[in-house]
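Note sheet for the following structure.
The first chain written gets the first letter, and so on, giving A, B and C; residue counts start at 1 in each chain.
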Amino acid sequence: MWANNKITGLLLVLLLAFLTQQGWATQITVSKNGSISSIKEGVDRAEPGDTLIIKEGRYEEHSITVDKQMTILGEGNVQIDGNRQGFVIIIRADDVTLKNVEVMHASTSFMEDYAGILVKETDGAVIENVTLTDNYFGIYLAKSSNALIKNNHITASMKRETQSGNAIHLWYSKDIRIEDNYMKGHRDGLYFEFVDGATIKGNLSEENIRYGIHFMYSDNCRYEDNTFRDNGGGVAVMYTSNVEIINNRFEDNWGSSAYGLLLKEINRSKIVGNEFYNNSVGLYIEATSRNEIRHNTFHQNGWAVKLMANSTDNMFTENNFIANSFEVATNSMKNYNEFNNNYWSHYEGYDLDRDGIGDVPHRPVRLFSILVEKQPQSLLLLRSLLIDILDAAERIMPVLTPETLVDSQPKMTKVS
Amino acid sequence: MITIKGLRKKFGPLTVLDDISLEIPSGQATGIVGPNGSGKTTAIKTLLGLVKPDDGDIHVDGESVIGKWNYRQKIGYMPQTARYPENMTVAELFTFIKNIRGAKQTSEEELIQHFGLQPELKKRMRTLSGGTRQKVGAVLAMMFDPQILIFDEPTAGLDPHASVQFKNLVNQEKQQGKTILLTSHIMSEIEELADYLIFIVEGKIRYHGPMKDLIEKQQEQRLEGAVAKMMEEAAA
Amino acid sequence: MKAMTILKYQWKDLFRGKWIIGYGLIYLLMADAMIRFGGTGTKAMLSISNIMLLLIPLVGMIYGALYLYQSREFTELLLAQPLDRPTLFWGLFGGLAAPLALAYTAGIGIPMLYTGMILTANLQSIFVILVLGNVLTLLFTGLGFWLGLKFFNDRIKGLGFALVSWLFLAVIYDGLVLLAIFLLGDYPIEEPMLGMAMLNPIDLARITVLLEFDISALMGYTGAVFNRFFGSMLGITVASGCLALWLGIPLWRGKSLFNEKDF
């Protein structure tokens, strides 16, 4: 079907190019006191390839269905208010561009995923510089491809998960670029399910009720330079292979089930150059295998890494672990992952040959983290002299901590 | 005039002062004698407010001193074993106590001269010998020219020369009409310096009155003999 | 006024004794090393607060008691002067606690200044470390004074008690808490646990450090009681209040002991 869409898309582009050259494309203007005062009417009157200009003003309309290839541009402060009557804008044609408008008040519903902008079964949609305010879902892409979602400002202010949809929601979509958007106060900032080959770059997703980004079954995606901050549950990434998570920031995610980044059944992926700062758990890893975790910085998290024993063959190299309450915690005596060449601020060894590598191995799993795992209340004893003594004893003679979870070449200075 | 009425003090089960009442006359020297542990030092410390009595009262110049502190302006005290802040120099110690008492005019100079302490002034207290410390203590007690002087075993650490110097000084003070209270194990010293005598055994006063009377009463030539006799009587 | 005179002379005396300078130097060298090797960030501050939690209670209590013994004759000399006992008590206490606090403040403050850490690090964290260190110094010196006065005539006992008290508060107490957690862990014991922590001044100080540096870990705990306590102003308010009580009570007891004491 996608292939089919692509072909029709291409034909349309060719047709458009042809029509434009012929000078048939026209510009239609909608304004509050002009001859065309409703957007719906403007869309109805447009021929494929036309441009619709919306003049400044407040338009109380909903279910505006864009069913032909066209460009819609706002001029000045254009507000399209759905008044909680369902969807506000529905894009059903290929190559529709929507820019410079504010879309607000799509309905909240338990039955239907109403969105400010619904993009359904299309190719090549562009949504840029759009402000989405207090919609149930913000931008909803279903079975679409080659879309660009850029520089949008998507906020909502509901308090409960059920009252709030996702800021950007992708379902069965392919080759989507999501860049420089701001997402706040939704259920999930970004939600992906069955997406392939998306690039998510330079976005800021914060203070969402559940996750900053939540994705499942979405292979071959790349996340770069995004910031996920203070989301209820942090970021959760599940059931996916071949993801690249590069140079992102995960910060200030606090709570008993809040994670800077949660990985569940993620395989053959790269987690490189990210910064995990001030999270209850920086990186949570479960049933996840053969990933490269390199060059990340874990700074002042409660637990830098929680590594469940059903994870195997993950490579932790050249990461910085700085001033975390716990460096690595695990739930088993067994470990099938590798740690090498990381910098650990808890490391107490020495470097007599001055090659920058500590002469004694570092055991990042403290006995205390196992005590806390068994009896969470004992967390209150953190930094007690008693605990330090117990930890030191365990480090000398490991009894309860996994013997193979060890960095045998710990770096003496931070990896820059 | 110092008046002590019904003074009692217990240290745990041990009665140290048992209903002591007496008057210490002004302008005279009174010696307190008694066996070791009889309560001499405790009596003096109670007078100074170092020890709090269980019962009884002490009046100095007609005013009760229990729980007060300002009356100590009138008292100079030289303790039995004098130890001072170890890193302070002698001169600093003098200045310090002067500051504490807020005194401007003192006889510090003469006293230092009298005891030959000039070479010691810049020395730290911890480097001083026991005798020199005693001399420092004597200077501290007398430099503010107080009406009442209390010496607890003053000559214990002094060499004979210094001892004589000290006694001369006490005699001078006596002539100036100071009230002097002293304890000593050396009966000849008491005999030499004191007019009145208080004899304490096990916290009780056995004798209190002019020294001459006691010696006469015991039909002895010297105080030492009289006191020894009295101790035997007390033990019997 | 007279208390100030006493204080001044004691300071002079203490600083001449070199001991206090050594004490300050320990902090200076450690703080310098921590910053040199750990950078000017949180890691250095955490190391410094660990040392603070270990050293200040130990030194404060032992030296508080020892100091009273050492200055016994000096105290007697001063008590024979026209001076009231409260003045002397505060003079003695201030004369020890203030230099100790100063040694600590200078010891960790100076390296923070010359390494430029003060410019880059979190000022609130630095503030917490400085204030907490000073409060702990006053608190444990006060406790030491109180023990010293309680066992004024038996140094061995007094110093022994100081040492054992420290061991108890720093290690054994937490051991008992840990034991209680593992025995009674299935019951809702968070509130009694917090109560127990409030009863131990070292734990109180430790929790204040946790609130500053480990809040992300504390927030990861699954339990409403801790979350409510640590996640709001409640935690820091209660901890500060209890620290103030812990500061006041030994000093108040010490002062009345001193007032009634026979020397």
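Operating definition for what follows: contacts are C-beta pairs under 8 Å (C-beta built on N, C-alpha and C of every residue); 3 or more make two chains touch, one makes a residue touch a chain.
The structure displayed is predicted, hence computed values, not measured ones.
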Of A-C and B-C, pair with higher C-beta contact tally: A-C
Chain of greatest Cα-centre distance to chain A: B
Chain closest to the assembly centre - both centres taken as Cα means: C
Centre distance in Å when chain A and chain B are each reduced to the mean of their C-alpha atoms: 88
Inter-chain centre distance, chain B versus chain C - centres from mean C-alpha coordinates, in Å: 42
Whole-Å separation of chain centres (CA-atom averages), chain A against chain C: 46
In the complex, chain B residues that touch chain C: 9, 11, 45, 48-52, 69-73, 75, 77, 79, 81-88, 92, 96-97, 99-102, 140
Residues of chain C that touch chain A when the two form their complex: 38-39, 41-43, 46, 49-50, 53-54, 170-172, 174-175, 177-178, 181-182, 185, 189-190, 193-194, 197, 203, 206-207, 209-210, 213-223, 226-227
List of chain A residues in touch with chain C within their complex: 254-258, 278-281, 299-303, 322-323, 325-326, 345, 371, 374-389, 414
For the chain C and chain B complex, residues of the former touching the latter: 2, 5-6, 9-10, 12-13, 16-17, 71-74, 76-85, 260-263
